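Chain IDs A, B, C, D, E and F follow the sequence of writing; residue 1 opens each chain.
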Amino acid sequence: MILDTLTSPVILFFILGFIAAVIRSDLAIPEAFAKAMSIYLMAAIGLKGGVEVASTGFSVDLAAAAVSGVLLGFTLPILAFILLRSFAKLSAIDAGAVSAHYGSVSVVTFVTAIELLTATGLRPDGFMVGVMALMEIPAIITGLLLARAYSKRLKESEELEDDGGSNLMHEVLTNGSVILLLGAFMIGFIAGAEGFAPIEPLFAVGFKGVLCLFLLDMGLIAARRLLETRKITIPLATLAVMLPIINGTIGTVVGTLVGLDPGSAAILGVLCASASYIAVPAAMRLALPQADPGIYLAMSLGITFPFNILFGISLFAAIAKFLG
Amino acid sequence: MVATVKRKRIEILVDNPLVPKIVNYVKKVDISGWSVIKIASGGGRDGRWQQDEVSGAAAKSIILLIANEEKANQLTDALAPLLDSYSLLLTVANVEVVRGDRF
Amino acid sequence: MILDTLTSPVILFFILGFIAAVIRSDLAIPEAFAKAMSIYLMAAIGLKGGVEVASTGFSVDLAAAAVSGVLLGFTLPILAFILLRSFAKLSAIDAGAVSAHYGSVSVVTFVTAIELLTATGLRPDGFMVGVMALMEIPAIITGLLLARAYSKRLKESEELEDDGGSNLMHEVLTNGSVILLLGAFMIGFIAGAEGFAPIEPLFAVGFKGVLCLFLLDMGLIAARRLLETRKITIPLATLAVMLPIINGTIGTVVGTLVGLDPGSAAILGVLCASASYIAVPAAMRLALPQADPGIYLAMSLGITFPFNILFGISLFAAIAKFLG
Amino acid sequence: MVATVKRKRIEILVDNPLVPKIVNYVKKVDISGWSVIKIASGGGRDGRWQQDEVSGAAAKSIILLIANEEKANQLTDALAPLLDSYSLLLTVANVEVVRGDRF
Amino acid sequence: MILDTLTSPVILFFILGFIAAVIRSDLAIPEAFAKAMSIYLMAAIGLKGGVEVASTGFSVDLAAAAVSGVLLGFTLPILAFILLRSFAKLSAIDAGAVSAHYGSVSVVTFVTAIELLTATGLRPDGFMVGVMALMEIPAIITGLLLARAYSKRLKESEELEDDGGSNLMHEVLTNGSVILLLGAFMIGFIAGAEGFAPIEPLFAVGFKGVLCLFLLDMGLIAARRLLETRKITIPLATLAVMLPIINGTIGTVVGTLVGLDPGSAAILGVLCASASYIAVPAAMRLALPQADPGIYLAMSLGITFPFNILFGISLFAAIAKFLG
Amino acid sequence: MVATVKRKRIEILVDNPLVPKIVNYVKKVDISGWSVIKIASGGGRDGRWQQDEVSGAAAKSIILLIANEEKANQLTDALAPLLDSYSLLLTVANVEVVRGDRF
């Protein structure tokens, strides 16, 4: 499947963007266009997921996937935190912030995985969109708790900003991408296949093409992050590859154990392996301003994202197939 | 000639996700208003960045404020403890505001 | 039909946006994307209207609708002005500005109405697009004349800006949305069905989907306007619901009387009921800078727009059906 | 060291639809040029607003001008009667312009 | 064909934009939307060209077209330079900058020509996209060499910025549009018809409609350039029409002589006739900052672009048909 | 009250394609960072222009810099020869930077 992956236009556009940035081309996707594409992609997958659940109904699998996803979101950051502290010698604040990213999920990695898996016959269940939306948040809580528990500096300054907690929870729960994903999911569910039909053309016809252009932009961004960073040490770079492998394997195994079909188990693996670069960075900037964005963005955007797109997805698909 | 009053022009360079937090401080000090200008790109100790990042977390804005000296001082005092952890850049300059009694 | 309306994805996206803003989510549609969608929607409806008129030819109905639309545009603001002065105690300047909004039209309300009416079998005539474009302007003139006639303050400062008049008429007649609607209408008319065919895919395939995403944004904007406003009194809020009901009923009745089919009569009602939030606010800011934008934007965007989308369209459709 | 001249830096915060009107005044006073910067969001007595409104009528920009003192005064005198009705915010500051004889 | 051209929606939208700007309408296409459309158009034509070459294979024609294109790119600026110096009395610096524009190419003129030629049965070969990408750069080199050779002022200041040369070559070779065109061409070539199929819907369905909206913007821009300019003398305006006619005729003749089919020969003519307004202006601002952008933008965007769209394409098609 | 230091606020109005070149000069002088703000539209001797041009070659930005006087002078000296050919507009003003020792 890796070869299939590497000659798919979706991936080739990512590579094109990456190369363009490496040779320092001035190619750039306007910010508003990139945001428009991400809104489109999220609305599309939310709708499709909702329509699918409307036709299949709620199932034990759905509940199993949702519960596993949330539990993994809460617990995976602990392992990441330990490794980041011991192996990469990060401060508790930075380790807490980074581990929150790795426990949460990347929407684009998810969408790309859906495309690649579907193309190779491992079509995941529609409800995994909902699972993804649920998995955005738990790791933020664990990451913050870990940072607070192990950082002296934080404990001292805590009085200063007592209103922070409630603000943060509100911010995280009403995060734009969470609302849009869950909202579109609900709309798809309410409208059903019939109500969805009139708007389907836009969301079906354009989907893969838009994903190409979006990954072109992600390639540019990932490479520029990597080139500009001055914060990535060898242990950090190593963990940015090891954490997705470990988390993704755990996720795929758990998915298989709770009875998901191979496609859905692989997607659960991809979700665990992927690191957030939208919701969590914004939350961390707010809740842990002392943490260094140079570290968590370079790791999640610059290394883990390309790794998952190019290799991770195929790896977890292989594991899921082997187990399934 | 038109009457002018002396006021402070405060510029706060800040990461986008933190703008609402700073605005809360502005409101507490009771400054009449604020204006936010986007930074398109920039560079510093952390290297270059551009606005066109999917993750808006590293993008920056300038909060522009016109206020009298007293409120300007209150605000800078309130923000001082955050300068480092939020890595704010906070500058204050003198301006004449035309018919600016309400600021 | 109200139930159909409320479970249509187009409307559900509007509600999603509204709810997102109410729970203070940071969900946002980039400004450039919103403008792009509105350009797309206007070009699409203009083209379709022109193509349709090219195939059906000019008719008595078209002339009747155009004349009624323009006359209603000129006269409806007078009623609004009286109610705003007497019932809501607005100053002559503010009342003039608000009444200009209610005499003019909202493109998005029109487009949404076309979708909902077509879905329920009440397909309006293609030429109504042209009628809408013609109805954007007359109310601006009436609103300004009313403000000038009844405001002492304005009369005194009139000498100061004598160039204002010609500038304003130019501004209003060359308003971007008017030019785009009429221009696309002309292009559709010249190109005809055959010339339109090669470009139809873009304008047909995406239309309803784009409308969904645009209404998502409108929901956000309407709710934020409403939440931020400090200018809306109970009488103003009441009028923001009553004026569309009154104007819309008048429009539907007039449409039926001049011989339009029920779909077109309902659309004429919707046009009368809708309040402008693009062309007119810009014109008012220029021509009546003393008027308070906080009032007219909150009324037209925050209350009347949601009212029409959720209830008004169904109401005028029912009236048109009953009369037709 | 390079020669500099003292000039005025004028900032006019204004609603977008009114920008062309202000620019007309700038031209009448014969200032050499102007630059417009968009405000992304802000807040004042009328509450918060953001640029992302379909209706651009409430969005704001800053018109930035470099001019000598004489022209700056002419402009502020010309604009003074409009300050309230247009709700402009008009500030004037001192700057050194490098090799700026043409401004 | 001229009549067909002038009633095609693609051209009508250009005219609409032009008229809107002339009557000083405030109609505007957001910059981010315009850039998004140009990225989409370049990706689409690159992909299609690559897919086509993948199915037809490399051919003698392709090599002949590529070599002629590059040679024409290097040599045409010389003629332009002589005319600009002698007839329009431009300084060596300005003449060098302008001649670089006329030796390079305009992507939108190319795309519009492809559409119009295909519609009239003169379908050009897919590899012409690659030829276009190759033709963007050579003229920049010739233009700069000419300016340097004939300008005293430049020779004197040369020491000041010795690093300029290598920077410039890098800038020009990694120019965003060159990378995107060639990159998409490569992706289309690698993916082939089969790999392209899943993403084709976006790039096929939307293409002509997007081109319409893009030309609407180009009409606005061209007319605004023309209205605002204070730099265009009668000799310059004359050359802005004569140069495309001369260069386009040379290109069409050369294309026919090297054995291209009439459609491809006409496209080579269009490429020679068109003047750059994206890659070259940016390169000139960097490499010849002393040159006046008011001259080269007004000529290429304000006069030559509309001329080619409205008349040039039809002219070179007629010549190619006559010769072919 | 919070400690402030006196610094220079430098604004350089420049065509977009030249921004990287100016940034190179900024780095040579070792100023700690820079921020770029887009100009949406403007006008001068060459007539009006707007950002929404396909060709970005005529669009403009402001590079904003906070630096101490010494570095500010070094930079203006370095840029002086380019002012005309690049048609830069370079202004320098005084500001107080709160806790700004690192600039």
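In this text, contacts are C-beta pairs under 8 Å (C-beta built on N, C-alpha and C of every residue); 3 or more make two chains touch, one makes a residue touch a chain.
Bear in mind that the values here come from a model prediction, so they are computed numbers and not experimental data.
Enquirer: If you check the contacts of chain A and chain B, which chains show up for both?
Expert: Chains that touch both chain A and chain B, as defined above, do not exist here.
Enquirer: Please give the intersection of the contact partners of chain D with those of chain E.
Expert: Expected: C, F.
Enquirer: Let me check something: if the centre of a chain is the mean of its CA atoms, which chain is farthest from chain E?
Expert: Farthest chain from chain E, going by C-alpha centroids: B.
Enquirer: Looking at chain pairs A-C and E-F, which one is connected by more C-beta pairs in contact?
Expert: Here the pair linked by more C-beta pairs in contact is A-C.
Enquirer: Sort the other chains by how far their Cα centres are from that of chain F and give me the top one.
Expert: Farthest by centroid: C.
Enquirer: In whole angstrom, how far does the Cα centroid of chain A sit from the Cα centroid of chain D?
Expert: So the centre of chain A lies 44 Å away from the centre of chain D.
Enquirer: Which whole number of Å gives the spacing of the CA centres of chain A and chain E?
Expert: Centres of chain A and chain E (C-alpha means) sit 41 Å apart.
Enquirer: Averaged over CA atoms, how far is the centre of chain C from the centre of chain D? Could you give it in whole Å?
Expert: 33
Enquirer: So what's the Cα centroid distance for chain B and chain C, whole Å?
Expert: A distance of 38 Å separates the two centres.
Enquirer: When you check chain D against every other chain, which residues touch at least two of them?
Expert: Residues 37-38, 93-94 of chain D each touch two or more of the other chains.
Enquirer: Note the residues in chain E that touch 2 or more other chains, in rising order.
Expert: Where chain E meets two or more other chains at a single residue, that happens at 28-33, 35-36, 205-206.
Enquirer: Taking chains as nodes and touches as edges, what kind of graph is this: line, ring, star, complete or other?
Expert: Per interface graph, the chains form some other shape.
Enquirer: Any two chains that touch count here, so list every such pair.
Expert: Here the touching chain pairs work out to A-B, A-C, A-E, B-D, B-F, C-D, C-E, D-F, E-F.
Enquirer: Quick one: in the complex, what on chain F touches chain B?
Expert: Counting only chain F, the residues touching chain B are 1-2, 4, 7, 9, 19, 23, 32-38, 61, 66, 93-100, 103.
Enquirer: Tell me, which parts of chain D touch chain B in their complex?
Expert: 11, 13, 37-45, 60, 62, 73, 76-77, 79-80, 83-84, 89-94
Enquirer: Please output the residues of chain E touching chain C within their complex, sorted ascending.
Expert: 7-10, 12-13, 16, 19-20, 23-33, 36, 119, 204-210, 212-213, 216
Enquirer: Okay, in this complex, where on chain A does chain C touch?
Expert: Checking each residue of chain A against chain C gives 30-33, 35-36, 39-40, 43, 47, 170-171, 174-176, 179-180, 183-184, 186-187, 190-191, 195-196, 198-203, 205-206.
Enquirer: Where on chain F does chain E make contact in their complex?
Expert: Residues of chain F touching chain E: 15, 17-18, 21, 46-58, 81-82, 85-87.
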